[in-house]
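After this come two complexes, each holding subunit A, first together with subunit B and then together with subunit C.
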Partner chain A sequence: MKVYASILKLRVLIGMQYRSAALAGVATQFFWGFISIMVFQAFYEHSSITPPISLQELITYIWLQQAFLAFIMLWFRDNELFDLITSGNIAYELCRPTDLYGFWYAKLLAQRLSSALLRFYPILLVAFFLPKPYNMTLPPDVTTFILFVITLLLGLLLLVAISMFLYISVFVTLSPMGSLLIFGVLGEFFAGLIIPIPLMPLWLQKIAYVLPFRWTADFPFRVYSGHIAQSDALIGVFIQLGYLLGLLWLGKLAFNSVLKRVVVQGG
Partner chain B sequence: MIKLEGITKSFKVAKRSTGLRQATKALFYREHTIVEALKDITFSIEPGEIVGYIGPNGAGKSTTIKIMSGILVPDGGNCSIMGYTPWKNRVDYVKNIGVVFGQRSQLWWDVPVIDSFELLKDIYNVPEQEYKTTLNLLIETLELKEIMNSPVRQLSLGQRMRCEIAASLIHNPQILFLDEPTIGLDAVSKIAVRQFIKTINQEKGVTVLLTTHDMNDIEALANRVILIGKGSLLYDGKIEELKKRFGSHKTITVDYRKNINSIDIPGTSIIHWSPEHAVLSIDTEKILTSEVITELSQKVDLLDVTIESQPIEDVIIQLYKEFQI
Partner chain C sequence: MSLYFKYLLILFKSQMQYRTSFWLLSIGQFFIPFSVFAGLYFLFERFGHIKGWDFFEVALCFAVIHMAFSLSECFARGFDTFSSLIIKGDFDRVLVRPRSTFLQVLGSKFEFTRIGRLLQSGIVLIWALNNLPIEWSFVKVVTLFFMITSGVFIFTGIYMLAATMCFWTVQGLEVANIFTDGGREMAQYPLNIYQKWVAQFFTYVIPFGTVNYLPLLFILGKTKGNELLYMLTPLAGSLFILPCIFVWQFGVRHYRSTGS
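Entry: the complex of A and B
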């Protein structure tokens, strides 16, 4: 456990060095947030039917999405790990007395945590004080908020487990671009990051509900706004846990099988 | 301590010739050649030894190191290091070894060196007190004091390499594998690294296996060399033996007052001759150096004499030639 804590510490230290990157990130997220909100606002104004999610819920959804970008985006990657694989520096990682899956999982988790720690609070803080209707609202009650925190963190663990497959695939393809594109586009779409899932056509919603991606973003954000009832949220927590355990098990299996075949080339 | 028996390893290498046509063809069908990187490698190393592992480029040195550090699984043969089979008991085994791959880096690029060390301390679960003692020793002997707090990306190659070596020793391993630790270093850094390897070997009894292309490293450090070429073990023994076997030649350079008679001494051959200057090669098995000088002084009016042993580099070149590798 100590190892994981110290990776986290080191990661936060590295993250702190890039203050301007964090600032630029915050600015970009605001830009994106406003654009998305305005687009949806235009749609909502001219809609003849009652949308399945209210505009206020949607706006909260979008601000949460922007604030916790590092928790939910599959393209948010650790180039260092890709470099380790493609350059052969993984030789050193293999000489460490640790379980490599756990080690890398911790690295990825730490990277996302450190990145989010620097970015989420300024975005949320400003979003609360924006003029209506662009502002973010508080969750309906304390229980909802606690459920949100639990589901968000479980979602993060789940996302890291999913992203491990990305790194595993690079052992086979040796180029991160292809995997990143496929994982990124499909994963983010089905996580509801491009169109919130309630706004998707019904047949697409059915697909999204089966896949694990929505449990990383769509689910916690809708728990926050109260769009998902507390009782449903509780069931959802167990589904998240189920997915998490399953994916961790699968990932470890796949990881160990690629490691057996890995050949570090060159002198 | 280290025992390798009949280790073999081959790689499947895809090959194609140059050109667009060949590249298109390779999309559908690829020819593979099997490269035998290691053929029946057997040797053993006792605790406390420093062994130089030498051979030309592509001989299989790094492959052997990778197998011994548990990164590669050989196709056949046994390897037992401190009772472990490296690729089978990886996690338990690697606690006991330190590895430096001269061409790779294990330090975190963006943070000061000391942060990488702290992380390694936690990875290897080194007790605080032990860590402090080791770190102080490393800082002192490798002269790291000034660079400990600089980010790795700002270090020069030599500084980085010293840090890499230190990083591999944080957990006090009993065995150290060095794969080209002096690659790209200047003379001063090389000497510092050599001195350091000697120190940890003598003071802590660390067993060292090092590969290098710099024969001075080998001469300064190793009593024993293992020579490998094209995947086969060619020589395993003392470096002096090697020199005796292949380096029984000395070179003598003489300057003298103008003398047009050529100097012909049995047991020597003339490499270069002019009326005032000559370079002779002496076969010390046939004639003693002192005898050559005596004969020379009778034949010419000597001004200056320089005697050089055959440099170890030449011995190695001769050796490679002899084994046709």
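Entry: the complex of A and C
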């Protein structure tokens, strides 16, 4: 465990070096956030029905999404790992005296952490002080906030576990594009990144609730705004934990089986 | 011009060498905007309309912008990935050749896999047009054509501006994504649903409004007043590329090689 902790620490520190890239990212995400809020605002303005999520909750949802984008995006990938697999340099990795699954997991986790650490506070800070109605609101009470932090972190762990499958699949296909595509498009859609899950039609919501993706993004954000009640959130934490353990177990199993079959041609 | 087509042909042949990869990437490009479009569809299913625009009207807008975007990503890719030319020092080679830098950089790269994206927006376009009660006339067809071409010019102009910045920064700037990817996201809805300042910025500074809003009003028959004026707005929008070319020339003169 100590090895993984130090990998994590080191990688976070490396990732934190890219400050100007982060600044550009922040600007882009602000623009993105504004545009989506304005679109939803226009939709809500003349709506004759009462939408299942209020505009204020939705705005908070969008700002959280932008702030923690690195925690929830499946597109966010490490090309270095893909190159290792396709070029055969994986042989070096296999020489390391650590478990490779844990090593890569820590590396991917660190990338997301450092990227989010650089971005989330400027976005949230500004989002709080924006004029109404664009501003973000505080969570209703302290318990909700604690629950939000727990669910967000669990969501992050879960997302990294999901993204490990992406790298595993490359062992079989040798080209990251196909898997990236399926994971990226489907995963992000069912995580509520394109439109929030409460706004989807019912039949689609049912699918989204079964899949693990929404537990990484949609769930923590709705816990924050209080759209999901505390008691439900508590149950959700256990579901997250269940998914996490299940996916970690499955991932390790799959990882070990592809490693057994890995062929490295000399070079 | 014949040089340009030679570039086009050679790069097309070279990309066709990796046929499977080409098709996979194209399919990928098909599905990425597809999920965005699905999101748009579901929103309309729930809310019915957005500030008086119904689904097919917005779908038309979506199709035009995404078509323009995919075309410009295909043909102006050289400017989009320009920073790699600078970093590797390859731009020096471009400079010693007796042809314009604009043509050479434009011809340095094409991304034919964008055909997938183009196909997707083409399907949306046909679907939308089939479901809209438009009285077609020659002028309207021309306007629609102008909308798409003018969109290509605007996106290309933005790529050029971003590329010009590389002369000073060497590294490519992510900020340009706000205006390309962000502009695309924004312009897939008619411009008047946004706040005034956004609409004004994207009409007078970066003229997306002349592509997706003013001529759209004309095609849908929502205009009052001089129709010719609405029809010509996309042309005015494509003038955006002129200052961009000028800035590019200015940048080329200030180029200092990285020397690698």
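FYI, the second predicted complex is superposed on the first by the 267 of 267 C-alpha atoms of A that agree within 3 Å, B and C clash if a C-alpha of one lies under 4 Å from a C-alpha of the other, contacts with A are read in each partner's own complex, and residues count from 1 in each chain.
The working rule: contacts are C-beta pairs under 8 Å (C-beta built on N, C-alpha and C of every residue); 3 or more make two chains touch, one makes a residue touch a chain.
None of the values given here were measured: they were computed from a predicted structure.
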item: Which partner reaches more residues of subunit A (counting touched residues only), subunit B or subunit C; value: C
item: Touched partner set for A:Thr98, first subunit B, second subunit C, both or neither; value: first
item: Partner chain(s) touched by A:Asp141 [first = subunit B, second = subunit C, both, neither]; value: neither
item: Subunit B versus subunit C as contact partner of A:Asp232, first or second or both or neither; value: neither
item: Subunit B versus subunit C as contact partner of A:Ala42, first or second or both or neither; value: second
item: First (subunit B), second (subunit C), both or neither touched by A:Ile14; value: first
item: Common interface positions of subunit A, toward subunit B and toward subunit C; value: none
item: Interface residues, subunit A side, partner subunit C - complex; value: 21, 24-25, 27-28, 31-32, 34-36, 38-39, 42-49, 51, 175, 177-178, 180-181, 184-186, 188-189, 194-195, 199-201, 204
item: Interface residues, subunit C side, partner subunit A - complex; value: 21, 24-25, 27-28, 31-32, 34-36, 38-39, 42-43, 45-52, 173-175, 177-178, 181-182, 185-186, 189, 193-195, 198
item: Complex interface listing, subunit B residues touching subunit A; value: 11, 57, 61-62, 66, 69-73, 90-92, 94-95, 97, 99, 101, 103-106, 108-111, 115, 118-119, 122-125, 179-180
item: Residues of subunit A touching subunit B in the complex; value: 2-3, 5-7, 10, 13-14, 17, 80, 87-89, 91-92, 94-99, 260, 263-264, 266-267
